[in-house]
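The next block holds one structure in the form of structure tokens; read it before the comments.
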């Protein structure tokens, strides 16, 4: 069996006294596509955001490519992470947000080029060529020079995906990528994600689209109360859930999605 | 009934013009130093490091809270004694209004920066940018655009405040007016015309500012998502 | 840089400075009352549909907002006596300039505050049979004033700072007395530092209170 690309051990996150994640152990193998399900407030987005350190975990460890991240905190407290290390981790772990978060003062192509230019120091012509290729992959060649304000929600999210892809991430995190979209625009974004799945990319996807999760994911994780409640193949978790809370969650969602 | 006579004003138009040029020179100098200094103060105050944030906060609050005329007197009369340098009225004015407007600009910058959504910071970090890179490439360009109306207003306020330099004998428009009024015994005409000049120049600036804002608002690159 | 600070010479003149401080408070109080109340009148006039009210009010606001207050003070001090048959004292000139200037700025605050009240409030008052003036006085203004409070306290702080400009026409206030003390005792550093600090110590609590007020209002109306 291959070594995991990403591994968390006992990952916890709390805000004040409120514990959102209560010890997550998760291994992601290269090529795996993991769908993360759970009710709102279950901690699924927080889990994702701890993996590229948008949130700093309160305790527990994260390994990326076999290397333990951060360093021991003083007096055995929470691990501390240097800004330098985090920027490097984030170059290797791409993220796509629910609200797209495109840079509104830059055109679509400039959004995609931005990481290449500023973070990787790629020269403009090469960055442009690469960005154009990514825009072509998400089917937006003709919108390259548009500002985000002129794009539909679906187009914005596709630009955001291209922006993440341009950095050559080893792992892609999708945080409810279609939740902010009008229903008729969901399909085009899911289509792009599906094509990435067919390329064999490693990805973690927080979603409410159960049907999509069933068809695209290699593994499904159900999160409840900040813990992995149930985990398995799509068939196991979505068709044959063993635990009561998973069943209840699916029963609530099935009528809409499957 | 008072008999108006504007001839003495017209005869000294060159002096008034020179005064206006000097007014614009002080305003321009204060802007040139005040804006970058204001940005530095704002970044220091937002840095989250007490050793930077606290002094910056004090400078900002002190210069916003004390009367500009007191500041000017301090820089003109007191500072030269303290550091033993020759202080010209222009230097004192440039120093006072640079720091004073920096304090106000700092709050404008800060307001603009904190108004940018968290998602923008996150998106910048998510592609591996460092905080300074995020600030420079993503946050500031958007923030500056939102701050432009406040900037313009501040610049106009600054121009009005520069009239205080007349009290330390810098030959700005108001000082020249006072000189001419005393020389010609025509204070009514001189001060009325002077007020008119300020009104026209400042109104012109505000009209340009408003036009500029409107242009920004309709341009495709507006900060609306 | 090894200047020998000597604050004793300032405190020996504490009575002169105190006398100035009283002058500062006097002109501040006059301008605060005149400026904010005249501002309300002008603000309401700007809100009126009647052009005979609206236009002069607009001209007044634009003129006084777009000219420096020091020019206004000097105009009242040097120019106005040519037109009126009586003496203009330094206090009158300075108070006129600062009050009218503040009226113009506060008029805009009142106007903005009144406009921020939802049209539904007007409609509800009129549905009860109130006249426009009654609705303004009983329903709109009380709500608007609450929202305007931070802006108005800010204006008050500005007026306090502006009061130093009265020294230019030799009205006896804190800065004017400071000039005197500094030139008699050759201690500009100590005197002006003390004066700057005095303003800061007096005004900063007001500034903080205004911040707190803004935050309270932003949280929930």
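Labels A, B and C are assigned to the chains in the order they are written; within every chain, residues are numbered from 1.
We adopt the following convention: contacts are C-beta pairs under 8 Å (C-beta built on N, C-alpha and C of every residue); 3 or more make two chains touch, one makes a residue touch a chain.
Note that the coordinates shown come from a computational prediction; the quantities given were computed from them, not determined experimentally.
Interface comparison, A-B versus B-C: the pair with the greater number of contacting C-beta pairs is B-C.
Averaging Cα coordinates per chain and for the whole protein, the chain whose average falls nearest the overall one is B. Spacing of subunit A relative to subunit C, judged by their CA centroids, is 55 angstrom.
Averaged C-alpha coordinates give centres for subunit A and subunit B that are 46 Å from one another. Once the centre of each chain is set as its mean CA position, subunit B and subunit C turn out to be 20 Å apart. Among all residues of subunit A, none touch two or more other chains. Within the complex formed with subunit C, the residues of subunit B that make contact are 2, 61-62, 64-71, 73-74, 77-79, 81-83, 156, 159-161, 163-164, 166-167, 174, 177-178, 181, 187-188, 190-192, 194-195, 198-199, 202-203, 206. The touching residues of subunit B, counted against subunit A in their complex, run 117, 119-120, 122-131, 133, 137-138, 141-142, 145, 220-225.
Partner subunit B is touched in their complex by these residues of subunit A: 52, 54, 83-84, 86-88, 90-91, 94-95, 97, 99-105, 114-115, 118-120, 146-150, 160, 163-164, 167.
Those residues of subunit C lying in contact with subunit B across their complex are 1, 3, 62-63, 66-72, 74-75, 78-80, 82-83, 157, 160-165, 167-168, 175, 178-179, 182, 188-189, 191-193, 195-196, 199-200, 203-204, 207.
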